[in-house]
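First the structure, which I've put down as structure tokens, then a few questions once you've had a look.
Letters A, B, C, D, E and F name the chains as they come in the text, with residue numbers starting at 1 for each one.
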């Protein structure tokens, strides 16, 4: 049975627990979920600067998971930070939670919408929708809720998300919704009941895709740009990240 | 545990058994696979005329599966015939095997190739690659093997497919391969070993996506064009296909 | 002089007569119009389920037209159902009425809009606009009029269509309108007078394109995927549709 | 019955006669063909500089045709020079011969190729294929024959075009061919017989599209950017081109 | 130090002076600006008809600049008329002012908007945005101010432009603005101060790009379709435009 | 006069000197070039793993440049690593060297090609070509030369690059070449002389674009996702990177 690393790339442990619980809630019997976050980096990922600086901590956890022999890695942040870098570093498959949510949405709806936190994340998610081939059928909407406010009990976050979902259905012809922040992982069920359309959490979707890949014995292809990093020196504080010498470099 | 209808849309029972075996080989413990084919229609689906005429029989089986309460339908033909029509008719989720194979390939490779049977199927598969958002990273190649020749023991089909896979790696920068015919479902393992890159069978991929959707409780959204067919009269030999009166029509 | 099959793919004879009259009204002197509908299938085509099940009856009529030696086939439904299948089956050229209307619009306007019946048809027409290369310049709007209501004398359908045309001009920068249902074929003249922009009926447009192809001696190329269907057995109630053995299969 | 201006935008009268003959050969009974060329400008249109400088003479002829009340204008050069400007100036519909050939090809073939004269024209034709929505299904090939060499009896031009057609079928999966120069208008029949696929001449195609538009009573929409030019002063040698004051400017 | 031809393609000398002043205001020390306009052609370029007829005069000035040995040509009209023709004729680099403004905007903003004069210019600018690869991130808005009204002191033009800029920021998520008419060249500074986002004038942007190209020693490649025009006869009033015989024609 | 930070994101000082020399060779009189590299991170950037881990060191240098009040930042690596993150962190404009080279190429050639080092970089550069809007006119080719081999005197690198340039001209219709690695910055002149087409170095191109932006007074818009990072805690070894509290967050 697969062991999956569910990796929150920010350093807020309470959010890691929310994400881990959401992952476990949908995991198949026998799937083991390792929910972790990096020891260094930003408390939340809100925009490109945070995204760049979550990468060293995140790649450290990917390396640790690899050393432990996990069967898959889920990047549990809707910006899918470092997805390509992680695929180079890992031998197990790696999936991003935007990638997972958008693929699953495309299987059950013609058009859909992402409802995310801050408007500054809209450009990133639009870029991901383009990368994953669903830009023409996916709207992206922001609620202007800071990420860590999702952790505050009793906040108005859920109501604001529900309101934006209603607008997506009315104005974007959305037939399903993808929640655009891993910190919303616990809300999918209630929001789907309120909206009357499927609401997809990318963390849960990612767990199922990784279970599927593991069940098929599929791992990231190393025959192209996801080949292992070429061995070389890394200077200064990052010296420990230098890739080891390895066969099969190209 | 989910019960899944794995529906070969042609009427060749031996191919249905090949497909069913491939589905069962990857199904999670407890997943029940119903492998079926229509009672009427073409012996194989090779081009648009066959595709059009497999639909009535296929939709009959979708309706039967619905009546039995299956948890998902897999259209086990790489043309994904009738996918939209089936989604209108079903309440359980429906996945096509090209759709499944291409989505899974996109998770483990930057670029990939489909290797299919006849060159007349290339245009259809290119259209599907476009629809599923992977056209820019997916080549399509034909082996000019008629579909039913895949059922002949000892044929040269496997060697010809292996040769085309090698060309896809060399000429298309393919990092992974998707087998472009449900009748190839039993070959993925051996071909992957020969080629040294992941080789994906769409039938197996579809089983895992449907297990995932079932595990997430996701079903096709009825809030848009996948709404149930509007009740109306059907004339002549197709009268029995007339959609029943139902609430929620739009 | 050409004989053209104008084929209403639904089984409502009154709509066939409306369509036939519209075709004859624009046909060149000497062009013969055969207006027909299938003996089996749905009373109207509203969504993908109906579309799938109009195909056997439609292909039967295509085959009959071929046997009679017609010079062209027009699929007189704005979903262009079975266009590719018909091109495989026919030797005469085949044109869809969305295809015809959109091509003609592109010759006289930079931007245009389709005004159709039900909102569930919008996705299909958007897909066709994409296929025919005009998606970037074509909006699609629904009036939420069921198809057969167009046949009811004195209904409010015409006013609702006129209102949607006005919105397309104001909001979509539409310079011309294409009527998005073959059942609207008799309305183009009056609606153009009301709106002050060209209003195009796809049935009429299709007749002129087929006359043009006939005049040029052009027929569907059989050098690619429109080659004749490969001979094979068809099982059960569809056995009579089995393609005959023929030379030139690929 | 329609009177159509078939306008060769270069000043080589022998080519105008070739084009006129091709137009008359396909014109419907009763269609009158006015074959003309400008009094000023380049002897052939080979590249963007020639294209720019054929426009004044061409627009002069469009204006003359309008004054005579023609029912349609065909720009008989495969660069479709000045198509938008002509549509502003004319009230009758205007069609380009690349536009016509590419649209007609799209009705009878999934994929096709243009075979043109000089390689410097390839970029222009690729741009037109993009504009007309067929770039994804249309290859463009050059024979490196200067335009006026097509007028030389006994030249090797026809053989070189035939060779390039064969390569398009073999290498580009072309199912039909569009001749990429109005000066090739007399070759379509023989080349089609040699190649075994449909070969389309844009001049002939344009005549049929204009007959079709005339038969439908469709004219260029003036509701957008094809509105008549705003009245204003033109200086110097071009003073006579100044648009007259007119109602309906926007 | 470079000498640059800043070429207003219309014949309104007061606008040429406005444009020239804007160019000089940003030119590097030592850059010499030649601000000119043609002797023949339209008083303003508003739509495709004017655009076609500004070309002879414009190409005459390009030729004159070449004869004088200028180091770059700027086409100072936001339709970028004759850009490709000028590149064929010139050996110095040629830049259009829409091209320049849009490229510069793409370096400092994710999304931006063009605010232009007449709505009939929107289609042209949308086409240019597509050509220059920024269509997906660039909105185009019209103010319905005729071009020459920009020259009237005390007009309401500036306020109307400012209002449209505000709407672009609010409704199009524009992070920067490009002024869509060379006649607005003197307004960028004040409008940027009012709007609080960068406002880019294409004339100024073009001067800097040409200075950059000159500093890099880069000139238009003659290895493809920008090769010099082939020598040939030009008839009638345009005989003097005939390209001279030259080596390196292809 | 502008002071520009030319930032080599890898830690190989000899390459920084090569890049700095290339920048100074084209800088305008009075432009000051600060050539630097990070103190930590990979010795070369070859693929996504290296790219991720050059970011902390690179952003440290961006912050230092900002503190010194530079007028622009050039990311001198053809992967354009961290471009968006740097734009969030900086108030001066930021340009990537692929971005610069591709934009400049688009001004002087219709089609062009990038010639880079390792084949694993091709996917990244293809992605950038897409992002910058030139994918349809830009081929990408690898020479399979490791980045640091470019620093070895007398190596065969230059010949291999020249050979690949010749293939790009012959096979890709490339009219100009962009050198796809900042480490090739000293080779542009000689390679252009050998190939007979313009050869563009992205470092030099970037210097001129930054001089241009500085001359126009343009800085990255802070009105959208390039707004300053939101203030928050950063944990562990990256605590010093935490963005300071600032006004204008969104």
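Operating definition for what follows: a contact is a pair of C-beta atoms (placed from the backbone, for glycine too) under 8 Å apart; a residue touches a chain by one contact, two chains touch by 3 or more.
Quick caveat: nothing in here was measured; it's all calculated off a predicted structure.
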With touch defined as above, tell me whether chain C and chain D contact each other through largely the same residue numbers, more than half shared, or through different ones. same
Between A-F and E-F, more contacting C-beta pairs sit at A-F
Just how much do you need to spin chain A so its Cα atoms sit on those of chain B, in degrees to the nearest 5? 180
Chain whose Cα centroid lies at the greatest distance from that of chain A: D
In angstrom, rounded to a whole number, how far apart do the mean CA points of chain B and chain E lie? 53
Just how far, in Å, is the C-alpha centre of chain E from the one of chain C? 44
So what's the Cα centroid distance for chain D and chain E, whole Å? 29
Which positions in chain D touch two or more other chains at once? 110-111, 122-123, 173, 224-225
Looking at the complex, which residues from chain C come into contact with chain D? 26, 28, 93, 95, 99, 103-104, 106-111, 132-135, 169, 173-176, 196-198, 200, 204-205, 208-209, 211-213, 215-216, 218-221, 223-226
Which residues of chain E touch chain D in their complex? 11, 38-44, 46-53, 55-57, 59, 82, 84-85, 87-89, 118-124, 146, 224-225, 227, 229-230, 232-239, 241-243, 250
